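For reference, the structures are reproduced in the following blocks.
Two complexes come next, and they have one chain in common, subunit A, joined by subunit B in the first and subunit C in the second.
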Partner chain A sequence: MLYAGINASGDLFSHLWQTVLPSYISNTLLLGFMVVLLSLFFGVSCASLIVYTNVAANNILRWLLILPLAMPAYLVAYLYTDLFDYAGPVQRALRQWFNWQSPSDYYFFDIRTLLGAAIIIALVLFPYVYMLTRTAFEQQDQNLLRAGRSLGLSKQQSFLKIALPLARPAISVAASLVLMETLADFATVQYFAVNTLTTAIYDTWLGYGELASANALASILMLFILFAVVTEQQANAKKSHQSNSPNSEHTVIQLSLTQQIIASSFCWLLAFAGFILPFGLLIMMALDYSNTEQLFELLPTGMNSIKIALYAATLCTLIALILSLYQRLSDDNWRDIPQKISGFGYAIPGTVLAMAMLATFGPIDHSINYLAALWQFKEPGLVLSGSIFAVIFAFVVRFAAIANGTINSGLGQIPKSLEHASASLGAGLGKTLTQIHLPLLKPSILAAWLLVFVEAMKELPAVLLLRPFNFETLSTQVYQLISDEMLEQGALGAILIVLLGLLPIIWLNKKQETL
Partner chain B sequence: MSELVTIKNLSVKLQQNTILSAINLTLAPGDILGLVGPSGCGKTTLLNTLAGFIAQNNGSITFATANNNLTITPKNMLAPEHRNVGMIFQDYALFPHLTVAKNICFGIEKESKKEQKSQLLQLMKLLKLDGLAQRYPHQLSGGQQQRVAIARALAPKPNLLLLDEPFSNIDARLRNELMLEIRQLLKQLDISAIFVTHNKDEVFTFADKIAVMADGKILQTGTPSDVCQQPINWQVADFLQLGTFIPIHKSLNSKYFDSAIGKIEDKQLITVNKNQQLLLKPQHLELSSNITANTVVETISITEQGYHYLLSSLTTNTKLSFTGLSFYSESLLTLGQQVAITIKPKAMVTLNKLAS
Partner chain C sequence: MFKKSILLTFIISMLVSVNVNANDEVNVYSYRQPFLVKPLFDLFTQNTGTKVNVIFAKKGMAERLAREGKYSPADVLLTTDISRLIELHERNLLQAFDSSTINDAVPNQYRAQDNTWFALTTRVRNIYSSKRLGNININYEDLADKKYLGRICTRSGKHPYNVALVASMIAEHGEEQTLTWLKKMKANLARKPQGSDRAQVQAIHQNLCDISLGNSYYFGKMLNDDKQKVWAQAVNINFPNQDNRGAHVNISGMALAKYSPNKKNAQALMEFLVSKPAQQLYAETNMEYPVRTDVKPSKLVASWGKFTADKLSLVTVARHRKTALKLIDKALFDI
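After this line comes the complex of A and B, so read on.
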């Protein structure tokens, strides 16, 4: 892709540079900056309130605040536009109350802007920050805070001077995750007509048919992503000073009544805006417009989604299993490398990945066809780049990291001494693998499979660019209907996507609770 | 060769660091050897090298078996599963997804079902595990888990049993009883064992032989009482907490050694070298009323053996001055009190103190 990008047809590219490219880049950076800032504000303050204060309904908000992660940003974007538009119910009601006649009579926040997009994306991404910060807070050694108290700090001061700085590495990891996801976002900005690099890639390829320039744009986007990845890895390396043996009760700051009201409404507002309201709107839509006919229409696309998700999940899990076991059991000095490389895939936005796939498989396809013609076989056509092979391959590259992470952490729970015990009892590698590792890894393998399956069901941009002709999945169908302003028809599919998205979140949360 | 295990010139390097260097050690059939030393001295690495989990860089390990000798060198490595060496891990490493019975039979699955069952029953009885066959490890107490680990390691009838800090997770109250029980079992089955500990009391209860390690080397081996009687250098004496060192000096042609607590007759000392430090065990010392005070009380603590004092010499800043001499007494002294100490007429050892 880089190669193709560098050789991009100069004309179009210089044209792009002179006209829109600077604004694309500045939009992308501005969006990333605003989303990270907002997510940090939402996430860190929620986590602090939940862990370190007696905010009301603590135990419900704890998990409720994670749910927005299940909402695809483009869905929320569509639903909110519907709600707050000039023709939407909110503005209509306001006009009726105050007897306004036209838009010039009043000011109303326009949601289809860069800031609007940033708010919507932050609403569904802040749970990353919330979750990681919360975990960091909960795993902090309480004796450090007690030491602070005994040295004369108040509860508030010891939170600000000890707990918060200690959580900094976790917060930066979360912030870089948010940045990666934001840079990868395609559908929301597309819907809001905010031009960023991802939409530019999509347009140059599908609009102008300029594959090479699209590759060049994708390469630029990759540079930004690289920055986010490096930040993440550095922050992760510093995470080690989190205590592994969290001890005992947290000292909780008691809120006054006013503080309590402000804090509770802040948390509830986020949960409401990020999940409850959009999900409720979807359900209402489904109740109003759905019928059995639609349910049947859902079947073939649903089957398509399930099919590719099934392949991707199974492949990812197998690859992850092999890589993790190799890393664990090999003496090779380079044993960590394959895992590291495969972990990188998750950071690559779907659009960029799709471009890379096209840049790689396109030429291979051509040579296959050339060879076939040479040997007088029937030309197979675009077997790689034009089939679901490309989609599945892209999924495997993108989601292998999830499966890897899950299986690796499962493997990390198996003490090395179990392998040694098995060997000292005369068992060879084969027996140790089948009788010790695999049975003990079963839950992690299942979880890895499920997580990839769900992610693959939800993934949009890569499928949009790579899918064969007339191949629809749930997410492309929902996206198509959104573009056509007809989500009512696809509400059921959208609900299905959200429900599927809830699965890994519930699982993740459960895992964190048991930590 | 009558030895069961012979280790010659064994060295191990991990990531450029020398963990073990030039280890020589032998173990006779049926003997139990206790490896002691400060943490990080390479005890566990030695066990892991014997078991085959870590490859040696130099030297050889020879296991004598019924038919032939099995020699392992860096060029002729043998995988752990082919060494017939059993191991009891510090965390027991019981397979959490298998029942007690399946854990114990893991190493003998190649035998017939009938044979497996009879061995299982025998071991369960021997280790007092009756009725626990279908339990899972997490349903057992710490002591029971350890018995299962022992039964599992014994099932394949290993030539040698390795135990990595086997008693560190056991309640102090039960520890002694359990050690005697397991020692009796090993003797009864005539199994040789090497065990690692940092607690010297465990060695006296459990082992026939002791090997003291420091910095990847074996400093001294022998029976526990021999080593305590005659530690070969100050490191051994220091680690085993055998007493306190004070400086001594002998002038030419003198029959006596000078020390801050008086002259010591040459005959009292076993070996004689220059630049000596004298190892004084608390039981070698007594209060005297015949001579003038030569020490002053620095600290006082109360122990089972009476009052424990640390004394320092009255003279300071001379070649013979010392501090921190450990001394037990029934009589109560006060801080800063000047007392007279003499050495009982008993055999003692002089030592070269290498560095402080």
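After this line comes the complex of A and C, so read on.
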């Protein structure tokens, strides 16, 4: 991609720079900033409330707050713009109620703005922050907090000064995932009529037909992210705490009644806005427009979705595991590099990534066919770029960051001294891995697998472009209908996407509790 | 060992689901949603026994085709506007198909002179006006008129349908005047460009604006939809520029892929798509104007009246496309 970017046309750049690019860039920066800030606020406060306080309905909220993750952002965007638009049911009802005639009669916030987009995107992305932070909190060594308290800190102070800073690596991993997902997004911001750098990438490529310039813009986007992530890592570099015998008995902060009400309504509001409301809307649409016959027709499509999500999740987790362990156990000076590189795929917009896949596997396919012809075999055709191999590869590139981040932050919680102890007891590397690392990493591995599975179920642009003939997934099916203003007919498919994503979430959440 | 064999099975099963190259098939890369063309393909399969395989995508189809090169499985390409056809042509991804059946069916204006692409249907870029305004006689140029201040709604200026319209304005008035027109129209907008063509009609229904741009067939589709019927009933459909050059028309079209592996079937499919029964199906189910002059539009579409279409060559429209995009950027139309 970088290589292709070198050939970018200067003319087009100066045109874009003089016209729309400045506003696109400022939109991109603002959007990224707001989404990250909001997700951190939502995610960290929920995680703190759930782990460190006695907030009501704790057990339900625990997993309810993860559910927005299963909602594709483009769907939620569509539902919310539809709901709060001037022509949407909310404003229509208000107008009828108060007998207003035109927009000048009253004030209503405009959902199709940068802020509107930021809020909606944060609503579906904050569970990343929540999940990773919660796991970090739960794995924290409580003795440290106790030590803090014995030194005269209050419960609140010891939380703010000890627990929160300790969770920072996990929080920053989550924040960078959120940032990357936001910047790579195209469909969602389009509903909000917000133009970002991703818009510019598509404009230059599809509108102006200049793939090279589009690649150059995509590279700029990557630089943004590189900068953000590296800054964060620098700040984080020297802070770590590992404990040999973590004490996980939590001291809980007791909330007063008012606090209790505020805290639980905050959590419930998030769960409601991020999941319950949009999912409810989908169900209502499906009840209106669908029947069981359609459900059966969707089954093979659903199987396709599950199939590629399974492959992608398993491969991503395996690769992330290998890379993380390599980084951890190798003495090589360059040991960080492969993992860091593999992390940036998440920031590449799906369609751009799909192009890169075609550029990579196209020539390989051509050589295969050339060789086959040379040896007088039947030419096999496009075995790589024309099959779901390309789709799965694209998914692995895109979602490796999620698996990596999750497993890595889990690995960070395992004290090095355990490795040393294991080695001193005469265990080889293999034994240390199977007896120490893997069992301790189990929750993180499960979480990584789950996150990739859910994301792969939702993914649209890459699968749309790379799929073979007659290969529909739930997301391509729903997209076709949405793009022709028929979400109602697509509601059933959308529900299946969400449900199929939910099942592993709930199952794994149960599993994690018992580990 | 067991794990390895599972892995192997995985990989093989992935590869097996690959290529459709049996004899009685034809492969279509489509910019159109499959459900719009499926009835046509079903009829074709019924008539000939040839199975039609489809991939639908809106972005990057040309890129995929180019990368696949001579191993591409694609036979027939379907697009929703002229600029995509020209792009495929310019990138040398098409081959000519000299068929008297097609040439007899498709008027000269609506096919490539070198027989590389053909229109299947035409669609007008209409101006919808609220019933409050009564019957009006309107030109695209009037959208810049101050009397519509704060009364116009449209989708993104960069949507291919709007870009083609702007390109036709450039052909008529030149760059400078078109830019002024765009800036004035931008100043008249009731809200930032957003949503689809139908959403603009909905906004008129809700009294947010009085005028919108939209393709003709959406009017018919809205009238046939329970929920959207009321939106459509709030507006009149106008054919612009009837006293001068005529309304801007775009096409949906087809082309034969350069390396089509099932060429015979592809040609049969293409000839079928311009046949009378297929064109009738297009007219009835998609509410578009059939490209054949001897097939009538659906009753509903015909009820909107006859109109004069702009005679401007579609190749010229496509040639001004990039300039049009630049002007839309310059006018900060979407911002």
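Please note the rule applied: the second predicted complex is superposed on the first by the 308 of 515 C-alpha atoms of A that agree within 3 Å, B and C clash if a C-alpha of one lies under 4 Å from a C-alpha of the other, contacts with A are read in each partner's own complex, and residues count from 1 in each chain.
As a convention for this text, a contact is a pair of C-beta atoms (placed from the backbone, for glycine too) under 8 Å apart; a residue touches a chain by one contact, two chains touch by 3 or more.
Quick caveat, the model's predicted, so the values are computed rather than measured.
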Touched partner set for A:N470, first subunit B, second subunit C, both or neither: second
Which of subunit B and subunit C A:L425 touches, first, second, both or neither: first
Of subunit B and subunit C, the chain that contacts the larger number of subunit A residues: C
First, second, both or neither for A:N195, with subunit B first and subunit C second: second
Touched partner set for A:R92, first subunit B, second subunit C, both or neither: second
First, second, both or neither for A:I436, with subunit B first and subunit C second: first
Partner subunit A, residues of subunit B touching it in the complex: 48, 51-53, 79-87, 89-91, 93-97, 106-107, 152-153, 155-156
Touch list for subunit A against partner subunit C, complex: 15-16, 19-20, 23, 86-87, 92, 101-103, 112, 191-193, 195, 202-203, 206-209, 211, 311, 351, 354-355, 358-359, 362, 365-366, 369, 379-383, 385-389, 392, 461, 464-471, 476, 480-481, 483-485, 488
Subunit C residues within the subunit A interface of the complex: 10, 14-15, 17-21, 27, 33-36, 53-61, 63-64, 67-69, 71-73, 87, 156, 158, 163, 191-196, 198-199, 202-203, 205-208, 227-228, 322, 325-326, 329-330, 332, 334-335
Residues on subunit A engaged by subunit B in the complex (per definition of touch): 415, 417-418, 420-428, 435-436, 439-440
